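Should a chain be cited, it is by its letter among A, B, C and D, assigned in written order, with residues numbered from 1 in that chain.
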Amino acid sequence: MLTTHPFDDDKLREECGIFGVSNGEGAAALVALGLHALQHRGQEAAGITSWDGHQFHTHRAMGHVAGNFDRDDVIRSLSGTTACGHVRYSTTGETAIRNVQPLYAELASGGFAVAHNGNISNAMRLRRDLVRRGAIFQSTSDTEVILHLVATSQYRTLIDRFIDALKQVEGAYSLIVMTPEGMIACRDPLGIRPLVMGKLGDAVIFASETVALDVVGADYVRDVEPGELVIVKGNGELSSHKPFAPQAARPCIFEYVYFSRPDSISDNRSVYSVRKAIGAQLAIESPVEADLVVPVPDSGVPAAIGYAQQSGIPFELGIIRSHYVGRTFIQPGDKVRHLGVKLKHNANRDLIAGKRIVLIDDSIVRGTTSLKIVQMMHEAGAKEVHMRIASPPTRHSCFYGVDTPERAKLLAAKMDVGGMTDFIHADSLAFVSIDGLYKALGEAKRADIHPKYCDACFTGDYPTMLTDQDELAPPPDQLALLAEKVG
Amino acid sequence: MLTTHPFDDDKLREECGIFGVSNGEGAAALVALGLHALQHRGQEAAGITSWDGHQFHTHRAMGHVAGNFDRDDVIRSLSGTTACGHVRYSTTGETAIRNVQPLYAELASGGFAVAHNGNISNAMRLRRDLVRRGAIFQSTSDTEVILHLVATSQYRTLIDRFIDALKQVEGAYSLIVMTPEGMIACRDPLGIRPLVMGKLGDAVIFASETVALDVVGADYVRDVEPGELVIVKGNGELSSHKPFAPQAARPCIFEYVYFSRPDSISDNRSVYSVRKAIGAQLAIESPVEADLVVPVPDSGVPAAIGYAQQSGIPFELGIIRSHYVGRTFIQPGDKVRHLGVKLKHNANRDLIAGKRIVLIDDSIVRGTTSLKIVQMMHEAGAKEVHMRIASPPTRHSCFYGVDTPERAKLLAAKMDVGGMTDFIHADSLAFVSIDGLYKALGEAKRADIHPKYCDACFTGDYPTMLTDQDELAPPPDQLALLAEKVG
Amino acid sequence: MLTTHPFDDDKLREECGIFGVSNGEGAAALVALGLHALQHRGQEAAGITSWDGHQFHTHRAMGHVAGNFDRDDVIRSLSGTTACGHVRYSTTGETAIRNVQPLYAELASGGFAVAHNGNISNAMRLRRDLVRRGAIFQSTSDTEVILHLVATSQYRTLIDRFIDALKQVEGAYSLIVMTPEGMIACRDPLGIRPLVMGKLGDAVIFASETVALDVVGADYVRDVEPGELVIVKGNGELSSHKPFAPQAARPCIFEYVYFSRPDSISDNRSVYSVRKAIGAQLAIESPVEADLVVPVPDSGVPAAIGYAQQSGIPFELGIIRSHYVGRTFIQPGDKVRHLGVKLKHNANRDLIAGKRIVLIDDSIVRGTTSLKIVQMMHEAGAKEVHMRIASPPTRHSCFYGVDTPERAKLLAAKMDVGGMTDFIHADSLAFVSIDGLYKALGEAKRADIHPKYCDACFTGDYPTMLTDQDELAPPPDQLALLAEKVG
Amino acid sequence: MLTTHPFDDDKLREECGIFGVSNGEGAAALVALGLHALQHRGQEAAGITSWDGHQFHTHRAMGHVAGNFDRDDVIRSLSGTTACGHVRYSTTGETAIRNVQPLYAELASGGFAVAHNGNISNAMRLRRDLVRRGAIFQSTSDTEVILHLVATSQYRTLIDRFIDALKQVEGAYSLIVMTPEGMIACRDPLGIRPLVMGKLGDAVIFASETVALDVVGADYVRDVEPGELVIVKGNGELSSHKPFAPQAARPCIFEYVYFSRPDSISDNRSVYSVRKAIGAQLAIESPVEADLVVPVPDSGVPAAIGYAQQSGIPFELGIIRSHYVGRTFIQPGDKVRHLGVKLKHNANRDLIAGKRIVLIDDSIVRGTTSLKIVQMMHEAGAKEVHMRIASPPTRHSCFYGVDTPERAKLLAAKMDVGGMTDFIHADSLAFVSIDGLYKALGEAKRADIHPKYCDACFTGDYPTMLTDQDELAPPPDQLALLAEKVG
């Protein structure tokens, strides 16, 4: 099993990436490439659905895009010039494959396929109502309620039925939908999860991030706007619809901190530059006398470069990441269990010994990894270890399509920065401030009334209703786990 | 299939890594960890042999250490306190598994297992002689001649038979041998391939690189010396033997350039520091006015940091490596074949556009990747692209256990630096000089008479006889391919 | 791939077997055994669903019961004292596993699982109506309409909803249904497909054939009657319901001819004895002077024994069946393609040479195999070959859960007995008469008005409406293939 | 895992079958077919080696011929007009595949492949000597000593070296050897294991049984004679050599009793007819008043027909064998463990109830199966059960290539017929006499001095030296197991 990030147990995980091609030759092959470029957004399962003008074809598989969707027979079976795909985290077992997207249903109007990034926060209540009216669900995915809402809507045209469905759901959704009439891409009214539009010759492309456009050689056109439906017909005709009441957008700020690839451009900002700016901001807010700036590879690198350039302290690879972290080595036998962390990272001893180190990471979730990394620096002979984190403390669960541990396990929900410093055995620890984070994004500070981003994981300020959470009587954070299962 | 380096077709490849544990509890589990840390030295097959005081146990598998040797049942089956293992490149098919090491034979004196890093350059001639005398070979590996030379030696003790065998072979060999009487580690008289010795409690450890000692928590003791046999008996008794006539050593210089991990220490030198020093030397020898120093990730990073620090030009991640390069994505359909390089690397456009770039890589083999990377920089809007290479031009094949393309395919064997500059479409191209390389290693310059390293790939100055090559009449370089097959 | 019968391409194939256990310890293990005993009724896929008092567990797999359902982990995962299972023929690909039964749905009343033997002959029309009303189907199986009819029924209790559903379906169905309240076994009003009830301690067992009761050590209690619902509650309480207007039953006569195992007892008749009686009847109706009675193994053996005993001509194994027929040997290369038949059957030359042979088989479908077998006898030196068939000519397709070739491929639909004799190159050919078949079953003859069995494959006299067939305008037989796909 | 016979644990097992084609187009495909027809002689592994005039190609696999050697890619890879193959029983694990034949070695004279049916009874001593002289073995197979004896022989021509090797080995061997010069087929001087020669166009075929000739459409020419070497050169030239001192032959009598297929002809006798004759002889020697003659399927059928015809008691299928016995159903959970026997066989109750049964089986080894079958008859209501066995009591182990349990487990080695009758709970039990067995083979009786067959399993009269057995001090039978492992 490959994993994106070296200490993945100790990171938040984006749950999905989506990619669609309308009116492009070899559409499924392009989707496979696009999904491969989005693999960091979901690594446990992938699926592609194509439409050849007569019928839909779907292939879904547990595991990575490479190895499953780079086989000629698979791509050939996904014929047609329109296709969309999905990468996701997922549970195991027989039911697992049923939850792999795109989900598909034969409606009276013909086939209907949907790929979803996000999480519908009233899915449990909607599902209960639908089952009472005779609906039979094929998956445990929150996304399937959309299929049934469309299937049972009283409106006449497919578009009206789809809008009718969307008006009943709460939460975060970037969707790519395929029907015999064309492809629909849309984002929830707050635009919590990203979705961009590109062009490759005559083909229209939709993707979670611009890096996927780069990989297929497409040009970035613009973001799909919050609350917008973009419809591409079979003849290439493109139209935009905004059926929702206007609302200030709240895109996820954590995409800049960690989820998106550094080479993606989001809302006209280079993710790499934002991360460097956060690092520089950290150097301004929390300077320290030191000999070396050392990133926790790979996600801490851009912020570390920013910190080093701002502070003038040299940037050095004090931790070497194995080329093989991807493949988890399950350590056999108890004797060697404690050696785990070194399999993935190893201290560059010669460099570290006797030095004062500024260690840069993007975030702290449980804190277990930070502890091990700091210890590794001490064991390698570091004189001082100063940890700097390129995001504010993560104190709240996410209900919008991100796999967060239950609140009780978030280190920052349990203790203050002083406690955390002791916990990880660092000589000092500092997080960038919430205003500093907004500064790195070009704002003066976080606006109290209409903050520009969804930053609920740092502030607890959730921009939507959380119906399913509220029905589960006890305080939402304790039951975060349950919500994730539906998501 | 995982691959170490993003453009692996265009790198030289070390062919083996070896690791042994004598008198250590859970020896096979330690060997598995050690081999995992050496995975960059050979990724197509792995094997472990253990000795439990009564019998030998062997498990061999195509593929990676992780996934094969982290299974409890496998490790349990490899019982005993002494074990050794091997990672290698290998061909496919039924015969493949027979070539996976450790090789093993039941001799009259009992079991005999051997793991070999290097290549025996008179293996074909020795094999022909042995078959004439009635020997039946079980593999196509050059290493097997050692087994038969020991089996048919006229000497009485096993050690004498083994030394008798070694005296008949030419070329490069670091060996770990297991017999019922104990473990033997040895290096050829020139010490071409590396081998270090460590200690973990009472256990003696041998490994190709120090990083593998780090990962199992062992302390580095010293290098096994060129021409030395270190014998560890079952009771822990350790002895050193030097049966060969003294000779000046010639360890492989390319271990510093590319093969070894940056966090390894070789002959008391940090590989990371050597690479930074080469980068700095490059900046001195071939300076250029530019805005950014950009490494070709990951192998160009240390030299790029050195170059940046020496020149004062900022170090930036202008190329983003996919977290998933490991798993080769086989692009289906011809339409998308040309998109290959972007799957692995993507330009950080926002950073590159309008800038003068110094691009740092460790070496150029065929040149195909350099060409693509330079093009990618131009397409991303770079104003100028200046390529700097942290090794001299690679002009000659290696016959000592490195997988080199035949000479006709080495770019530097076909054209001079001017031609190469044109070929890769760079604005300028420079290699570090051979003397500069020796400087980065602490020498004044390359000694004409007894150079301190084997640098035959740069200079053509081979330190041993090449019997099998010479028998294949035509000039050796044209037939390099054949030699590799034996190796 | 295992196949039941040596020349399976040339046999009709029963499409399903079902087995259920209510209130029995280790229910899933018993179901696995029972399905293994019913493997001849469906060999391409199998599934088991269990209920542990709290939740349902399902495991489904392509392939045989052995190899899939004899694994400890699988059986352990199917916990609970109530379970049912299904073996079937099925198509391949991703959709295949969705069609493997038991089908399962979460209704508002709780889980609902169903295993079905038979075919619903108005499934396509019902499905179309349900989709129009917003239902989303998860499979292409005719059985799924039952789930949706229950889910959307306006009745209140589950039993009433289930009966409501059954009253809307036409065709053949023996069903085992599991709900949190208990197990329901039922047969369509004509009782076309079989279903028996047994007892093992306190457990109630349902099975397609008595042989499955034998294998689990259960006692046969009685047949589930045509049009009857037997309900077994969780507390073991048993009740019988007959919601349909009374009708004369029409069980499938081909179960006696070929589908059922010879050691099964159907409607108090031993299948073996019926087959021997048909053989004896054949000897009376179509005697011939001959030296040996030779069965086409294995299905022709009982009739051959009957023929031999009646005629006094010795029974001999003139054709030897390979022990390995089960595993299809796919002959590589065109050179050897014609050798096919001998891989499965081989003439016992020494016995055949110079003899007059009576060859006994149970039926002729396409006739291709009969031709090859007769040729094999001639090549082995037979003086005369007289073919005798233990059923009337098969002239019509079945729409009740049997895989028949389209009518145009049935030899007896294309030519008379004289033509068939020439086609297979036999010296003579005779079929048992339809009245003779009824005689072997204890009747005086076939009743013109209310024949006791469904014999539509011989007579074309279908006992139910064939709605889906009628909607497909052209004469039903030409489109038989389509109907099978739904079935 | 498929198994030949329903109660295989309780049968002797032939260990190998061999098949070779010289100068035939599509040789490997023919060998695959031939091996498939010989699958009953060895079911755990198979291998084929071909020679294309330039090089040898080998494919070996655990498992059946079907599924492994019916793949186009495999057959295509085995190019050439000369090929031989082998089916065998084998142990599991990594070493297993090394023991799968044909074994192959590169000798100084070129490639040398050998397929062996039988067992060399001085293999352990020869191996010890060869290892002392420096030979390295690649397998644990007794057959490999032949390779090393040829490799180290002092003779000059390959044929002389091969004869030199054969003169040093004891025991049973039918061999097919391939060299660049041609194919050699030979049998040991006593002709213990069978080997026949056939013709298919210009191709010469060798096979363990004639049934394999039938399946490929070849004509039987003659048996390879005991002590004969038949050499077929690449140009088709055929020659016969008899390098051994003449000796009376002793072919294995158990081939007639059980090993060979009933449709094979051995030494001009139909195996089926011999088995019927043994059944008739049993009826003469041990008559009984009864209602039905019932075979234990399938191996008891021919003898049961013979018994029925001789006695006039009707032959009936009182036991039905599942079509799926081939695939072992591993019963999950202890609850159902005792149901085992019924999975494979089931009583035809309706027929058995109230009847006196004569039950016919070919042999009794451990007796466990006989006990279960007799019990099954009683449980089905049989009034009396009389067991008749178509061979004498099996009292001694075989050292000639048959997998026999150690002597202590042979029922007939532990008790007399009276004791055995009680053990299996039969009303009576009788074995055919040793003289009766010879009578069924056309002899007057067993000759005291030079009996015509090897019947050591019945009489203990071993026709060769048993060197390895004698060296293992304690009485040979106790150590039979060890010998088998080498075999």
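By our rule, a residue touches a chain if its C-beta (ideal position, glycine included) is under 8 Å from a C-beta of that chain, and two chains touch if they have at least 3 such contacts.
Protein identities per chain, from UniProt: A, B, C, D = Amidophosphoribosyltransferase.
Computed from a prediction, not measured in an experiment: that's the story for all the values here.
Here the chain-to-chain distance from chain A to chain D, counted in touching steps, is 2.
The most distant chain from chain A is D, comparing centres defined as mean Cα coordinates.
Centroids of chain B and chain D (each the mean of its C-alpha atoms) stand 51 Å apart. Chain C has its Cα centroid 63 Å from the Cα centroid of chain B. With each centre defined as the average position of its C-alpha atoms, the distance from chain C to chain D rounds to 38 Å. Residue positions of chain D in touch with at least two other chains are not found.
Which chains touch which is summed up as A-B, A-C, B-D, C-D.
By the touch criterion given at the top, residues 2, 4-5, 25-26, 29-30, 32-33, 36-37, 39-40, 64-67, 69-72, 74-76, 211, 214-217, 261-263, 265, 270, 272-273, 298, 301-302, 305, 309, 314-317, 320, 322-324, 326-333, 335-336, 339, 342-343, 346-351 of chain D touch chain C in their complex. Touching chain C in their complex are the following residues of chain A: 58-60, 94, 97, 105-108, 131-132, 134-138, 147-148, 151-152.
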